[in-house]
Amino acid sequence: MSLSLLFYCVGGIAIGSAIFVVLNRNAVYSAISLVLCFFSLAVIYLLLEAYVIAVLEIFIYAGAIMVLFLFVIMLLNLGREDALPNLNYLQRATSLLLVLLFFVGIFLLMIGDQGLFPQPTEQFVAGGIYPLGEALFSKYLLPFEVASLLLLVALIGTVYLAKRKV
Amino acid sequence: MDLLGFTIIVVKVLVVFAATMLGVLVMIYAERRVSAFMQDRVGPNRVGFKGVLQPIADGIKFLMKEDLVPERVDKPIFILAPAILLIPALMTFAVIPFGSSINLFGREIALQVADVNVGILYVLALTSISVYGIVLAGWSSNNKYSLLGGLRSSAQLISYELAMGLAVVSIILLAGSLRLNDIITDQQGSFLSWNIFRQPLAFLIFLIAVYAETNRLPFDLSEAEQELVGGYHTEYSSMKFAMFFMAEYANMITAAALTVTLFFGGWDVPLLDEGSLGLFGALLSVLSFILKVAFFLFLFIWVRWTFPRFRYDQLMRLGWKVMLPLALFNIFLTGGYLTIKALG
Amino acid sequence: MATIIKSYEPTFWDKLYLPALMRGLIVTFRHFFRRNVTIQYPDQKHIPPEGYRGLHRLNKFPEGRIKCVACEMCSAACPADCIHIIPGPSPWDGGKERYPVRFDIDLLRCIFCGFCEMACPEEAIELTEIYDFSDYTRDDLVIDKEGLLEVYDLTKDQNYYTKNNLSKASSVDTPIDT
Amino acid sequence: MIVPLEHVVVLSLIIFSIGVLGVLFRRNAITIFMSIELMLNAVNLALVGFSRYHNSVDGQVFVFLVMTLAAAEVAVGLAIIIALYRNRQTVNIDEINLMKN
C-alpha cells in the first residue's frame, strides 16, 4: 500500500517537473527540472521492478544527455528568454485542441477495451540484467547492432558538424 | 518486512553514513599532515594530540564564518549546488560491501547497505550525477572563472567516465555479474586472483580515471588556482564551501572503496576463509577493507604531491586518444581470453 | 666549430611514462620519512648565525659607563635616517666629553644595514641577533637610549636565543617591551 | 503489483501531452529539444509498464533502444543547434528560416 502511495507521489513530482520544464523561461531551470523528472521516472521504473532500466535512465538520461544539454546552454549562454513568444491564437488553440484530442482518444481506447491491460503477474523475472542481455543478444541482435551503427553515425555526424568552420 | 530487519537496515545506513563522515574528518587531517610530511614540514599539530582535532576546529571555523551569497548569483541554484554534489558522493557507498557477513540475532547480516544486482551500474550512474553539482555551482556563481572551471570539469568528467566504464566492463566480463559481491567472490583465493593481477591494464586505466573523476591532482583543472582563482567554488564561503570540501573527500573515499572492491578483492583477506572464523573473521574482513581503502586514500595524497597538473588539451588527449583505445583493447583481450577458455 | 647536439629520442619506456611516474612517487615517498625542517617558532626559536643584523644595542664599559660619545657619525652614515641623537656634556668627567642625552632609533625606518656599526669610532653601537621585537604601536617601535642599553645587558654574555629557547613562549618578552 | 497498469499509462500519457505542448508552444530550440526528451521518456514509461504487466522483456529492450536513439539524437541535435547559433546568434526557431524567400 505504501508503495502505491509512493508511485502516486513520484508520479505527481514527474508531472509537476515536466510542466515546469515546458513553462520555465530559464533554460537552466528547465534542464534541472527535467533531470528531476528523469529521477522520478527512475523511481517509477524501480517500482515496476525494471532495475536495469532505472539505473540506465539515470546513467544515460540524467548523467549524459542532460549534462550535454546543460553544457550547450552554458556554452551559448542562454540565460533566460525575455517572454513567451507571442503565438497567434489560432495556432495556440489548434495545438491545445490536438493535444486534447490525442489525450481523450487514448483515454477512450483505454476505457473501451479492458482486454488491453492484463492482470499483473506476481512473479516478475524480466527486470534483471540477465533476461535483458539474453534478449538483446539473441532475439534482438540485429536491432542491437543497428543501434550501435546508429551511434557510430551520430558520432561521425557530430564531429563533422562541430568541426566545420561555418 | 519485519521490525528487526528494518532496524538492521537503519543501523547499517547510519553506520555507513557515520563512517563516511568520520572518514572525511580523518581525510582532512591526514591530507594536511601527510602533505606536510612530504614537504618536510610538520603540519597542524596544535589542536589536540598531534593536531588530531584540527578538522573539528576547521569545521567550527567554517560554521562561524559569514555565509556570503553574492548579489548577482542565481540564488536557488547557488544554494542547491553544494548539496547536489555532496548527496551522490554519500549515496554511492550504499552498494559497496565493506565486510563479509556476520551472524547476529540469529540471522545472517551482510555488511553492505543494499545488495543491488546492478551495483556497479548504480555506482557509475551516481558518479555521472556528480557533474551537476560542479556545473551548476560554476554557472550560478555568475563569475567567468567559476563558469570556466565548471565547464572544464564537466568535460573532463564525461571524458574519463567512458574510460572508467570500459575498464569496469572487463572486470564485469571476468566476474560475469554486475553485483559487487559477486565481483569480490570472484577474486577470493590467493593474492593472484585479485583483479589487479588479472587485469593490470584495466586497473591502470581505472585508477587514472578515478583521479580525474574526483578532480584530484594531476587532474584538478576545474580548480586550477593559477588560472581560475578557485574554479567553481570561487564564490562560495562558510558551510557551503565546507560542503564542497566534504563532497570532495567523500568522493575520494568512495572512489578508493570502489577501487579496492573491483581490483583488490574488497574485504577479502587473502589465503583466509573468513566464513569459518565467525564474528572474528567478519571483523578481520572489515579491517582488511579499511586498511586497503586507507592505502588508496594515502595514494591520493601521495600522487597529489608528486605529479604536476595536466594542461587542458593534454588531459583531453590522454582521455580520448590513449585511455579509451586502451580500454577497448583491454576488453578485446579479455573477451578473447574468455572465448578461448570457453572453447578449450 | 660546430658541435653536433644529438636530439633526445625518447625510448619506449620513456614514452610509456610509467617508470618516470614511479620514480617520482619514490622521491616523494622518501621525503615522507625525512626529518622535518620546521622550527616550532614561538616555542622554539631559530638561533641566528654570527653576524646576523637584528636589533641595535649601545655598548657599555665594564663599570657601566656608556661608550657612545655622541659624535653622530652613525646618524650621518645611516641611509634610512633613523638615528636621532641629542648630545650633551657627559656627567662623568665634569662634562669634558660629550655623551648622548637622547639616543633614539626608529626601528620602523631602520633597514638593518649595519652602516652605523661600521661608522662608529668607539664601537658603541652594534647590531645584535634579536629579531622578534614587533609591537602594536609605532611609538613603541622607537627605541630610546635606556632600551638600547638594556639590549646590551641582555645580549652581552651569550646569544640571546640560546637561553630563551629553554623557556616557554609566554615568558619570552622582547626587550623593548620591558 | 502496486498500481493498476491504467495508472502507469495515464501518467505516461500526461507526460507525453506536456511534451507535445512544449514542442508546440515554445520557440526556444533547446526547450523544444527537452520537450522531445520528455515525450521519449513518456513512451519509455509506457513500455516499461507494459513489459512489467506482460511479464516480458521485450518492452525493456525497446526502452534500451530508445535510450540509444535519444543519445544519438541529442548529440547530433545539439551540434546542429550550436552550428545554427554560430550562424544566426539565436536559438529562436521563428527566426531561423533559412529556407524562406
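Assorted remarks:
The chains carry the letters A, B, C and D, assigned in the order they are written, with residues numbered from 1 in each.
Criterion: a residue touches a chain if its C-beta (ideal position, glycine included) is under 8 Å from a C-beta of that chain, and two chains touch if they have at least 3 such contacts.
All values reported here derive from a predicted model rather than from experimental measurement.
Of all chain pairs, the one joined by the greatest number of contacting C-beta pairs is A-D.
When every chain is reduced to the mean of its CA atoms, the largest separation from subunit D belongs to C. Inter-chain centre distance (subunit B to subunit D, centres taken as mean C-alpha positions): 33 Å. One finds 50 Å separating the Cα centroids of subunit B and subunit C. For the pair subunit A and subunit C, the distance between mean C-alpha positions equals 73 Å. Between the Cα centres of subunit A and subunit B there is a gap of 29 Å. Contacts with at least two other chains are made by residues 52, 56, 64, 75 of subunit A. Subunit B has no residue in contact with two or more other chains.
Residue positions of subunit D touching 2 or more other chains: there are none. Contact annotation for chain pairs lists A-B, A-D, B-C, with touch applied as defined. Across the complex, subunit A is touched by residues 1-11, 13-15, 17-22, 24-28, 30-31, 33-35, 37-38, 41, 44-45, 48-49, 51-58, 60-61, 63-65, 67-76, 78-83, 85-87, 91-92, 94 of subunit D.
The touching residues of subunit B, counted against subunit A in their complex, run 74, 77, 116-118, 121-122, 124-129, 131-132, 135-136, 139, 147, 150-151, 154-155, 158, 161, 178.
Residues 3-4, 7-8, 11, 14-15, 18-19, 21-22, 27, 30-31, 34, 37-38, 41, 44-45, 47-50, 52-53, 56-57, 60-61, 64-65, 68-69, 72-73, 75-76, 78, 81, 84-85, 87, 91-92, 95-96, 98-99, 102-103, 106-107, 110, 117-127, 131-132, 134-136, 139-140, 143-144, 147-148, 150-151, 153-155, 157-158, 161-162, 164, 166 of subunit A are the ones that touch subunit D when the two sit in their complex.
Residues of subunit A that touch subunit B in their complex: 28-29, 32, 35, 51-52, 55-56, 58-59, 62-64, 67, 70-71, 74-75, 128-129.
Note for the complex: subunit C touches subunit B at residues 21, 24-25, 27-29, 31-38, 40.
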